[in-house]
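Labels for the chains are A, B and C, by order of writing; each one numbers its residues from 1.
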Amino acid sequence: MSFPLDLLINAIIAGLLLGGFYAAVTSGISIAFGILDIVNIAHPAFIILGSYIAYIVNSQFGLDPIITSIVILPAFYALGAIVYQVYYVSFERRGQEALRGLAFFFGLLFITEVVLILVFGVDYRYVEAIYIGPTLHFGFVDLPLRMLIPCLVSLLLILVLQVYLTRTFIGRAIMAVAQDQEALRLMAADPIRIKRIAFGISIATASLAGAFLIVIQPVEPSVGRDYIGRVFAICVMGGMGSLPGTVIAAILLGVVESITATFYGPSWAPAVSFGFLLLTLAFRPAGILGR
Amino acid sequence: MTAVAPLLEVDDVSKRFGGFVALDGVSLTVTPGERLGLIGPNGSGKSTLVNCLCGALHNESGTVRFDGTNVNGMTAHQRTRLGMARSFQLPRPFTSLSLVDNLRIPLIYSANVRRGSHFTAAEIEERCGELLRLVGLDAKSRRLPRDLTQVEMRKLELARAMGADPKLLIADEAMAGLSHSEIEDILKLLDRLNEHGITIILIEHIMRAVMSFSQRLVVLVSGKKIADGNPQDVIRDPEVERAYLGQ
Amino acid sequence: MRSWLFTVVVIVAGAALFAVSRFIQNDYFFFAGYVVLQYIVLSTAWNILGGYCGYVNFGTAALFAIGAYTSVTIHKLLVTSRIYPVSIPELIIIAGVVSAIVGLGIGYLTLRLRGAFFSIATLALAVVIQTFITNWDYVGGSRGAYVIRPQTAPLVGSYIQYLFLVMLVLAVLSIAVARLIERSRLGYGFATIRDDEIAAEASGVPTLRLKLIATTLSGALMGMAGAPLPYYVGYLDPASGFNLAYAVNSIAMPVIGGTTTWIGPLIGAVLLGTLQQWVTVTISSAVSLLIVGLLLVGFVIVAPNGLVGLMRPLFERRHR
């Protein structure tokens, strides 16, 4: 009996591509939770929102979803800024982010899902673009373009974010605000404004991630729930707030998930990411590239 | 003359945070009834030491023995039940409980264990009232901590530590930012406690208070103990002057 | 009010409610009432860990479903194979034990983590448990399992009235337990965990042990609430068992009612439960869930102490 090596290799390759995409999805949480310590479990809801907007524009006007998502980046950024302002005024300022903040984001997650169900129903929605469908073949290796393109753009996004966070003043202020708000104030930067900018960026990434998602797979309102575990697992494994760590953890998760799905069936996939999360929390809360 | 068994023995305790060495082989002993002052510049490891002693943090190496028992690996609440109590630098009252209920907690979770039997409701009332009177807060016994002033919160903090019926009280910068008379109040309180036989470790920046209160002075700089002895001798130590007082 | 007296009062109130309901001819009252009572149990159970200790558990649906699936499993093992006709009270007890163990296990794995990580971990565990059950063919996997309801009910006439009575007893039990905890040493300990866990430890409170007690108790009650579900509906599949509505409601009801006392979850469950029943019938279930979500977010922002918190100043003013 021959071991299905080509199946394994394709599973790994699919996993790598998936991992790149997961990194983009998680980048928002790396900023919100890893750096700002805001437990935004509603992040997947914003991603799904991005997916549906890309779907509407694509089905009405035929525009490419990824281009659409870039165009609406400012809108998502503004949304993030507003959400943070509400969060700050209602919870962070009063020191009640533990219970109330979590309930708040959970409520947002829930409301988004229900509204999407009411408006769009539970049918799967998908987009059409020239790179959805074709697959590159190298021998027995398959590279579906609908996974390759999002993966490449994702990695580009991560690169841009990393450069921004390490080279620009505001980017470095964002990294610093997690460590020492006082020092930031002394540098005449308003920590609240910095956090608002950071959270805005976090939600803006959701717009792009949403477009990637609907390119890779058809989307329906409850898909977001699967991603809660994934993003937090990757964020924690990647060492919270470390974008390079996020990429490594995302690829690792993507590969394991892909292999599991290929050999044991896709219904086990959610358990993989959540299982990873539990293992990481149990044994290495500091993550792979720990802080 | 027979030597008195030390109450607290800290032996070569070290603690790192990633690459940063917060405590580097710190050793000291405290005898029962002693008044020990602990000073050092910001970031010297004083709070880390307190946290390691009380179990809020775990030291990687070295041992801590309290009252003859090795407390390594024990949780904070177990150490409190042994007789080690602390007040926090920034007061951490139980915000949803009244002052009297704040004091009830160490009574029903520590002092009763130390005593070996539960307190009756009447005993709890009495003991809490006593503690509140001791710190001058009995008028506000039914109020919530948010109605207290800064110095009152500090006093509540000390009263709550006392509620656990400790043998050793570690007061972590209980006087920061207080006025002259408020500092006097706290010092008098600590004096009274020490007269009742409670060993006290006072961690402070306010030199006047530390000098007048301590029988022995320990100086911590960059995680290392650089001096340990009579307060007058210690402050004249050139190394101490250079490392700490000269700043 | 002394605790034993309170327990008596609650039992009497429950008995009175049931006596009155016997005059109601409309079966719909019992169907809807069952759901509201179920939510009283779930909210009260959630609040023991969430409101009293301050640890937000997103996995209510998982513990509830474990109770339901325990019933299905035992039903298939013993009833369908005619080994032993298990009664619902027995199923409830077994489900309670199973859920208690699972609750304890979840707690053991996650309670050493900081609050936020704990909550995320409960979400993770809920999904893992759901995935396992969905892949477990003995209980029907994703297709679900059927449970045949007995023709007649013990004690009372119709089966739905019997289920109503059972759930009423559970509601009385959970309220009595919550109130008992609140006034006890345990309740004080829980409050310190919520207010400041580090200070609690420093005061001698064994925080881990108390948190484990809370999760076990909370889990047990949730499982017990889930045990009669297969008999109520006649059918159970992962979609209905793990329905997100349970997770949201068990959080929304205490938050809206008020998380610091036993009254909050009761008020929240009764008000929100009946509201949802009404909206589901008049508009749709999706809209009723939307309303719950909006109310949750609204209350959390505007009235974080819930309805109890809003009403408290009124009582204090009157008593002066």
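FYI, a contact is a pair of C-beta atoms (placed from the backbone, for glycine too) under 8 Å apart; a residue touches a chain by one contact, two chains touch by 3 or more.
This one's a predicted model, so the numbers in the text were calculated from it and none came from an experiment.
Colleague: Looking only at which chains touch which, which shape fits best: line, ring, star, complete or other?
Modeller: Here the contact pattern is a line, an open path with two ends.
Colleague: Farthest from chain A by Cα centre, which chain is it? Let me know.
Modeller: B
Colleague: Counting C-beta pairs in contact, which chain pair has more, A-C or B-C?
Modeller: Pair with more contacting C-beta pairs, A-C versus B-C: A-C.
Colleague: Could you give the separation in Å between the centres of chain B and chain C, each centre being the mean of its C-alpha atoms?
Modeller: Between these chains, centre-to-centre, one finds 43 Å.
Colleague: How many Å are there between the centre of chain A and the centre of chain C, using C-alpha atoms for each centre?
Modeller: Spacing between the chain centres: roughly 32 Å.
Colleague: Got the chain B residues that touch at least 2 other chains?
Modeller: There are none in chain B.
Colleague: Which chain A residues touch at least two other chains?
Modeller: none
Colleague: Going by the contact rule set out above, which residues of chain C touch chain A in the complex?
Modeller: 50, 54, 56, 58, 109-110, 113, 115-117, 119-121, 123-125, 127-128, 130-132, 134-135, 142, 244, 248, 251-252, 255, 259, 286-287, 289-290, 292-294, 296-297, 300-301, 304
Colleague: Quick check on the complex: what are the chain B residues that touch chain C?
Modeller: Residues 54-56, 75-77, 80-81, 85-86, 88, 92-97, 101, 104-106, 108-111, 113, 160-161, 163-164 of chain B touch chain C in their complex.
Colleague: Residue numbers of chain C touching chain B in their complex, please.
Modeller: Where chain C meets chain B, its residues are 185, 188-189, 191-192, 194-196, 198-208, 260.
Colleague: For the complex, give me every residue of chain A touching chain C.
Modeller: Listed in rising order, the residues of chain A that touch chain C are 39, 41, 86, 90, 96, 98-100, 102-104, 106-108, 110-111, 113-115, 117-118, 222, 225-226, 228-229, 232-233, 236, 267-268, 270-271, 274-275, 277-278, 281-282, 285.
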